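Next, two complexes with chain A in common: one pairs it with chain B, the other with chain C.
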Partner chain A sequence: MKSMPDVDQPMTIFNDVRAILVDLLDVEPAEIGAGTYLVRDLGIESIDFLELAVALNSRFKVRIEDNDIFLFGLRAQLAKAGPNPAPTPEALQAKFPFLSQQRLMEILQDLDYGPVVKVADLVAYIQWRKAMEAAA
Partner chain B sequence: MNLRFSGKQAFILGGTCDLALDLAERLIREDIMPTLTHRNTQGVERIHHRLAAYPARYQTCFLDLEQQDSLPNLCGAGAPDPQYFIDLAHGNLETLVAAGDHREISAYFNAQVSTRTLVIREICRAMLKNHSGRMVFISSTAAVSPNPGQGLYAAAKNAIEALYRNIGLELGSRGITTVILRPGYVDAGRGHHYRQRKSEEILNKIPIRRLLSVDEISATILFLLSDSARGFNATALTLDGGLTAGK
Partner chain C sequence: MAQRVVITAVGIVSSLGWDIARIIQNLEAGKVCFARPPFEPTVAVAPVADFDARFHIGRFKHLRYLNRGARFAAASACRAVAQSGLTPAKLAGAGLFVGAGPHLDIGTEFPEIHQGNLDYEGLAALWMLRFLPNSAAAAIAQLCGLRGENATIATACSASLQAIGEAFRRIKDGYLDVALAGGGDSRLNPGGILAYKKAGVLSALPGPPEQAGRPFDELRQGFVPGEGGAFLVLESLTHAQERRASIWGEVCGLGLSLDGLTMTAPDSKGIQAEKAVRSALQEAGLSSEEVDVISAHGTGTYLNDAVEADLIHRVFAPRTPAVTAFKSWIGHSASACGALETALLLINMQAQLLPEIRNLNRPCRSAVNFLNQKLAGSIQTAVIQNFGFGGQNCALVIRRHQA
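Now for the complex of A and B:
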């Protein structure tokens, strides 16, 4: 007997997120992987982010905080903290608890190359948010 | 004139005033289900009394701009997303700008502008799901015609107008449009009381020599909600009998 997919599994969430992006941006599914950058690779603009947030909320029935899921607040957070001491993944995790320290380290090293948010970050946020809301 | 409506659900913020109730009846007659907001039991009773002839054809929702924690009631859990949003809520703080109480001023702008922005944000997001929405904001000629004692009221109206104009610009490509209506003196609510005090003086200022009726304002709103009026977007229309046209 074939088992039902676990809707909270990252792969299931990823497939749904990808389907939303395909629909929203009119791109091929093959163009979207977990490591795809939303802005650098897919050219997402502010209105697309808004629609994406609405679609994610509608699909997953969890609260979406645009500033968090799309990492809009990341650079402001870093600017507020200042250069000394140098920002650490541990410090950033308080603001972005859905991202692993490894991912946050990668983000810190990637900042100079443009907007850092990737499809995998959306998946991580949805998974984290589902767990939070289920616990509440 | 036969008006066409592609939506089926309307949300009326400020749902207990004469204008809201008159508009709700018109919407119901067009087979549109209005949800009217109220702030207390007297308000909800007023709605039920006025719309008694239309059982199960309207809904009510407690939402008070002065109580931000009432926002989760917006649309209610599982309620259909509205295609029409009519913003009729307005609070009044009549005072000279420099004479206003600082706590009242803060509370006034917090309710009228900040909390309202959160309501509008949620409605926009609900409309975005279906790429369809029409918003009508009822402003006032006071927004463009300063009057001593109405500075705070006018400032709030102007701030809110700016929000609606921007929404029309930002979301027009996604099927969500906005229009602002600025009525002049209306023979209801504040206008009615004002007229009783200064009847002759007011009528002399209005070229058509009469106040506007609730009936003609709500008929205009219904038209602005219709499919025919979608071309009016991110703009303000004045409905004042010519009050503000001259010097």
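Now for the complex of A and C:
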């Protein structure tokens, strides 16, 4: 089996994402971990999401869909599906294939506490997107 | 009832420094900062060496959206607010008046455009914000917590003096108790130099760059671009006294007018400029004999200085006040010049020492009292004059505060 190149490792991607966030938000690297919330912890606002998408695209050379990577489409998706039956991770995975079922379950339980997107979700998206584009 | 309006804080970032004691030292020692830009060594510039906006404003993720001029604005605004001691509640009600101009640093912003596409590593998605004149105001409002009535004034080189004047009027008329007013600008980048060189307004005098700017001297032949920022906190006298603020001076009158004749050059007769000066004096309730000092626009261009010298003579003869020209010390900072010159004048009023016009060997008018050496002593009343492209005229009267 061919080993994956080092640049596609989650840790490498995380380090690059963190470097982008440090520069963009004028914060210390120590303030950013995989579990850090973009909005709740880092105070990211719409203008920063725009810059972040441009910077991620420029760094990783993959297409960045704002609605997916930043989970902007999540609540719309849930609203469209309606409350019955109760949303399941399985149902969401079609729309957000880069997130694990475990992570989607966590997200569903976290919705009432504010915007759910975390640094690790960006890393997962980029890793998934890179694999997709490499396969294509 | 009209309110009396006083100045309670002065924030400045200039080529003479940002620490007020250091600025006085440099003015006393004649220590200036002029240079030849490497990309155009035929002109001279007056840069602010070692300027780092974060040193003055702290961490700010939106700094990337501020051009260098807007960074000077934000830096000097933060310094003024820190000095003022105003509480967050007072700041939230305060007004904000910012003099701003165009961002001319096109070469650095757009090293290349390919087939209609503009992109390079590190280009901010919202690079547009560096070109919007009110980005400085948006940043200052965030950094300092200002939420009140505001305006960004774009009247060329009279903009930041007019911004101070607008704040003065709003407080005088009771619309505001407190306001922050001033501006920041920098046009000594390649785009700015190219634009002004093409317009034929820059000094191309050879020799040491610190001798290239010569306001009111017979040998003058153009201005020296400078940069920097200055903001003042203005408040009603009542408000300042209630919070026991220390008072730098009082603003007493504003005069504004438009030549309505040309796109760049001032009216050679200075008719509307004279009206601006006279109406500022009238609002201040002062006769021309009562003025001690004039801070002249004094760009060092042939026409500006000739028109301004004649205007001073017409308004103030036979006894013209001592005339100084701070552009001989810090260059011409475009839309920020009025705020910088007012700040320097206030600093000098407090230090009781007015600097001479540098490089003034042969004054262009003998009947005007141009300062060719330092003037020690108390200054009671001063007029600040600025005139801009488009025939923009502004004059402001300030007075030493008497309780």
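Definition applied: the second predicted complex is superposed on the first by the 131 of 136 C-alpha atoms of A that agree within 3 Å, B and C clash if a C-alpha of one lies under 4 Å from a C-alpha of the other, contacts with A are read in each partner's own complex, and residues count from 1 in each chain.
Going forward, a contact is a pair of C-beta atoms (placed from the backbone, for glycine too) under 8 Å apart; a residue touches a chain by one contact, two chains touch by 3 or more.
The shown structure was predicted, so the numbers you read here are calculated from the model rather than taken from an experiment.
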Just to be sure I read the superposition right, which of the two partners does A:Thr36 touch: chain B = first, chain C = second, or both, or neither? neither
Once the structures are superposed on A, label A:Asn15 by its partner contacts, choosing first (chain B), second (chain C), both or neither. neither
With the two complexes superposed on chain A, say which partner A:Gln93 touches: chain B (first), chain C (second), both, or neither. neither
After lining up the shared chain so the two structures overlap, which partner does A:Glu51 touch, if you call chain B first and chain C second: first, second, both or neither? both
Applying the touch criterion given at the start, work out whether A:Leu24 contacts chain B, chain C, both or neither, answering first, second, both or neither. second
Residues of chain A at both interfaces, chain B in one complex, chain C in the other: 47, 50-51, 53-54, 58
The chain A residues in contact with chain B across the complex are 47, 50-51, 53-55, 57-58
As the complex stands, chain A meets chain C at residues 24-27, 47-48, 50-51, 53-54, 58
Mind pulling up the chain B residues that touch chain A in the complex? 125, 128-129, 170-171, 173-174
Contact set on chain C toward chain A in their complex: 59-63, 121, 123-126
